[in-house]
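Reading through the structure tokens given below for one structure.
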Amino acid sequence: MEAANYTLLIDCQDQIGLIYRITNILYNNQLNIIRNSEFVEKETNRFFMRTTFYGELYEESVMKQLKAALPDANIRLLSQTPKKIVIMVTKEHHCLGELLVKNQFGELNAEVQAVIGNYDTLRKFTEQFGITYHHVSHVGKTREEHENEIAALLQSYNPDYVVLAKFMRILSPEFVAKFPDKIINIHHSFLPAFIGANPYKQAYERGVKIVGATAHFVNNDLDEGPIIGQSVMPVDHSQTAQEMAQMGRDVEKLVLAHALKLVFDECVLVSGNKTVILK
Amino acid sequence: MEAANYTLLIDCQDQIGLIYRITNILYNNQLNIIRNSEFVEKETNRFFMRTTFYGELYEESVMKQLKAALPDANIRLLSQTPKKIVIMVTKEHHCLGELLVKNQFGELNAEVQAVIGNYDTLRKFTEQFGITYHHVSHVGKTREEHENEIAALLQSYNPDYVVLAKFMRILSPEFVAKFPDKIINIHHSFLPAFIGANPYKQAYERGVKIVGATAHFVNNDLDEGPIIGQSVMPVDHSQTAQEMAQMGRDVEKLVLAHALKLVFDECVLVSGNKTVILK
Amino acid sequence: MEAANYTLLIDCQDQIGLIYRITNILYNNQLNIIRNSEFVEKETNRFFMRTTFYGELYEESVMKQLKAALPDANIRLLSQTPKKIVIMVTKEHHCLGELLVKNQFGELNAEVQAVIGNYDTLRKFTEQFGITYHHVSHVGKTREEHENEIAALLQSYNPDYVVLAKFMRILSPEFVAKFPDKIINIHHSFLPAFIGANPYKQAYERGVKIVGATAHFVNNDLDEGPIIGQSVMPVDHSQTAQEMAQMGRDVEKLVLAHALKLVFDECVLVSGNKTVILK
Amino acid sequence: MEAANYTLLIDCQDQIGLIYRITNILYNNQLNIIRNSEFVEKETNRFFMRTTFYGELYEESVMKQLKAALPDANIRLLSQTPKKIVIMVTKEHHCLGELLVKNQFGELNAEVQAVIGNYDTLRKFTEQFGITYHHVSHVGKTREEHENEIAALLQSYNPDYVVLAKFMRILSPEFVAKFPDKIINIHHSFLPAFIGANPYKQAYERGVKIVGATAHFVNNDLDEGPIIGQSVMPVDHSQTAQEMAQMGRDVEKLVLAHALKLVFDECVLVSGNKTVILK
């Protein structure tokens, strides 16, 4: 066994002595902590901890000791191997392009397994990068049929995460429930926020001075799950709705890429409808 | 008559030759244009122009010529004298403080005539700066009575602009109609936006990664009029709702101060529910 | 002849009546101004104007009239056709990737003619996008020989602009003089600025909280010509020099792309070692 | 003894088991950790830890146990009482105003004891806030005499921190050595950086598109010590050097206020010429 870096993610109800109990186990196993971040959420009294350590890990044994010490905790112990992801798209290329370029040069800490599109529009672009493209059309199918087809395809890849890179169809709670805490979405957002069709047109008509984007987990109960990252860019009256949308696309692609990096580096814990981001 | 800088603001339906006609008049009057910004809004085919020029101005004569040449236009011809403003507050000091400090050192291109508060909370703070504070309580009065009292006080000052620097009461359309295009407000705003009481608590519970602020004109028909400026600051899970609110206050005060500077420097034209900002 | 949009860029010594004279000519030719921005630089008393107009243009005739009216001015009259560009690279892919993706989807207002690299590293990546890649190695050549080889290749393409997208060799004044006002570069920059090898390592060691990038024209006399655009991203102590460099690459690619858009849309005028950006 | 929140700051050479040893002591003393951040700097193999805990603290006893367990560490154990600060100024009001307004409303987590100016310019403004102003003129004195006078005055207040809020004189290493890790400065900074007199004029002439500010500790050996915070604002060609300076002042005051909040909340550890900021 060779020494390597590992990340430990733990969340549970807070009580006195938790860090002591956890670090005691790591110490007894000759594992050296490089970085530790801990946070107790006041309202829920919930304990969140991310620990990066270095050493020779007997994973089964250490997990057994951790579970014995913290019987009610969620515990994830991970070597920093690249995650496997499938990207879902409709017709817009900007987020897909950002991810495919970074994937090709090993900058994602992830490996893109495939791209699924409900149109065939982005096939050529995807295949340029040597990535498989699956066209799963929704035409002539019920939502359930279409989603089942996608779900089966996703399950054949068994990805760590499913990235909605401007996938423009609403997913049913049944679909989302099959991939809990695994689906990440990017959507535009504004000050003030606009809902419904053609948000950039709405934003333009409202004369906003900022366009923005939000990357978030997709969960079952809410139209918008825990936020991972947000950013904005300035715009002005002289820009058309199309130019605002172009600015928005640049924000969207960077917010998505940065959010994914946090997720793939195991920095993001979910707490109810919020994220705790520990580095 | 001494040569000085003047600003000319014109808006009207677009037609061919407008800039030519306007600059012809300025040229004939020996006025030299230092800066000219013109913009035609595509959807409405409306022409907006801001011109700064230098020279000896025979104002009455030039205005007459301009009106003859552009009978249907809104024309404002202004020397860059400081505007007169009255500030309205409730209990929060941050926007007021920003304006009073800048006012004291002549950085507003405006002169604060007085502060009106519906509480007496900020009297001492205001008077420190040598500015008159009027406490106009809403207690035991109907909205109409309270607003009439404020309106009478405002009319006694006859300010160029009324600045709502965290004035936490909703103004009736009747009140707003008395000061058309003269009331400027600052309010928090978020990605996504939160409405209703205690927005920072809502934002905290939603786990936003950004807090923001919007400065806008207050008009009759809408709860939120034309946007003048917007900005944001990053926040994270470790900040309490109170700390997010503190960050928000720093954004609010700067967004308001920068928006006012644009308005006081005659850079802002209103077009429907949007602003056109020409520098 | 069909009606179309055109842009007119003029700079000359300021004098009274310039806008009047110019717009008179446009009016006489039945050309309707959609947008006009004019700026007089105080220190130099130099007049800069950008005008977008619509109509049927008899270019030769209008240019003749403009030159007669403004004999000492620089006058450029342009239809908004996409510019032709050649991109020069060394080994880094991020700026190249940004430009090739946008080029493929017609988002640059330009057409990439070819990519020239002093290494062969980015050949495969470039060719994925169907763009020609020229490897012009510097190995075993004098600087003069190498630059002459590149210059000949560039001249065979006759591009409107040469984009240095992380081309890591210093260009001689002789080379730069062959492409006046046509070479645009992106480089990292910091608060405080770092010069010399491995700037991100220097920035890391200095503990900066921000990394940034500057897009600028390359001119003859100075190591850094007129700045077109700048931006930054926040970093912190927990990021390694490599992670800071990754953040820096995301800033660099967006700053370069946004600066190029301004140049290709004919919004940028050069004044000495500064740019005047009129929209 | 009442239960309260405390912060523990520790730095030392890294070794295995440090967090375990520290948290063991806290656990044995019935102290509950609310928040823990730990970071090992790779290059120096140095361990930094910030721990916030809650409980009844027997300070002397706990410190004795910590020192016994970590004999070579720097250990600071602090209740979160407001820091005492003295502000030093020359003639500019913007940073001073930001701090005095926040101080008046208890937003600094600090108490301003006094303001020292080498001119009398800001006396009236300071005294408006009920704060003592000391005019210590440098006129007719050697640098040593002037600094000795200031040092004596500072020592009479014995502040936790000395804030240079646009104090425009260079301090000698001898003066700085009297207040190690206690002096915090704000200065403008740019992309690229400008040194010497009238930096905003230099920035204007160079046509920068961003102005920025850096808050940092002042130390003995370097003209600029460990950076605490940095930020920027966009500017453009249309702004005069004076307007750029005004934008710069708004950045400066916010960067300084936010950096001080981090310092006063005990989030900042110094490592050589860098800061480690743990929240």
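All chains are identified by letter, namely A, B, C and D, in their written order; residue positions are counted from 1 within each chain.
To be clear about the criterion, contacts are C-beta pairs under 8 Å (C-beta built on N, C-alpha and C of every residue); 3 or more make two chains touch, one makes a residue touch a chain.
Remember, it's a predicted structure, so these values are computed and weren't measured experimentally.
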Chain pair among A-D, B-D or A-B whose interface repeats that of B-C, sharing over half of the contact pairs by residue number: A-D
Pair sharing more residue contacts (C-beta pairs) when A-D is set against C-D: C-D
Longest centre-to-centre distance from subunit D, chain (CA-based): C
Subunit A and subunit D, separation of their C-alpha mean positions in angstrom: 36
Approximate Å spacing (C-alpha centroids) for the pair subunit C, subunit D: 41
Shared-contact residues (touching 2 or more other chains) in subunit C: 35, 39, 238
Touching residues on subunit B, where the partner in the complex is subunit C: 14-20, 23-24, 26-27, 30-40, 49, 234
Subunit B residues within the subunit A interface of the complex: 39, 41-42, 189-193, 205-210, 212, 214, 224, 226-232, 236-238, 240, 271, 273-277
Residue numbers on subunit C that touch subunit A, as the complex places them: 35, 93-94, 97, 101, 104-105, 107, 125, 128-129, 238, 246, 250, 254, 257-258, 279
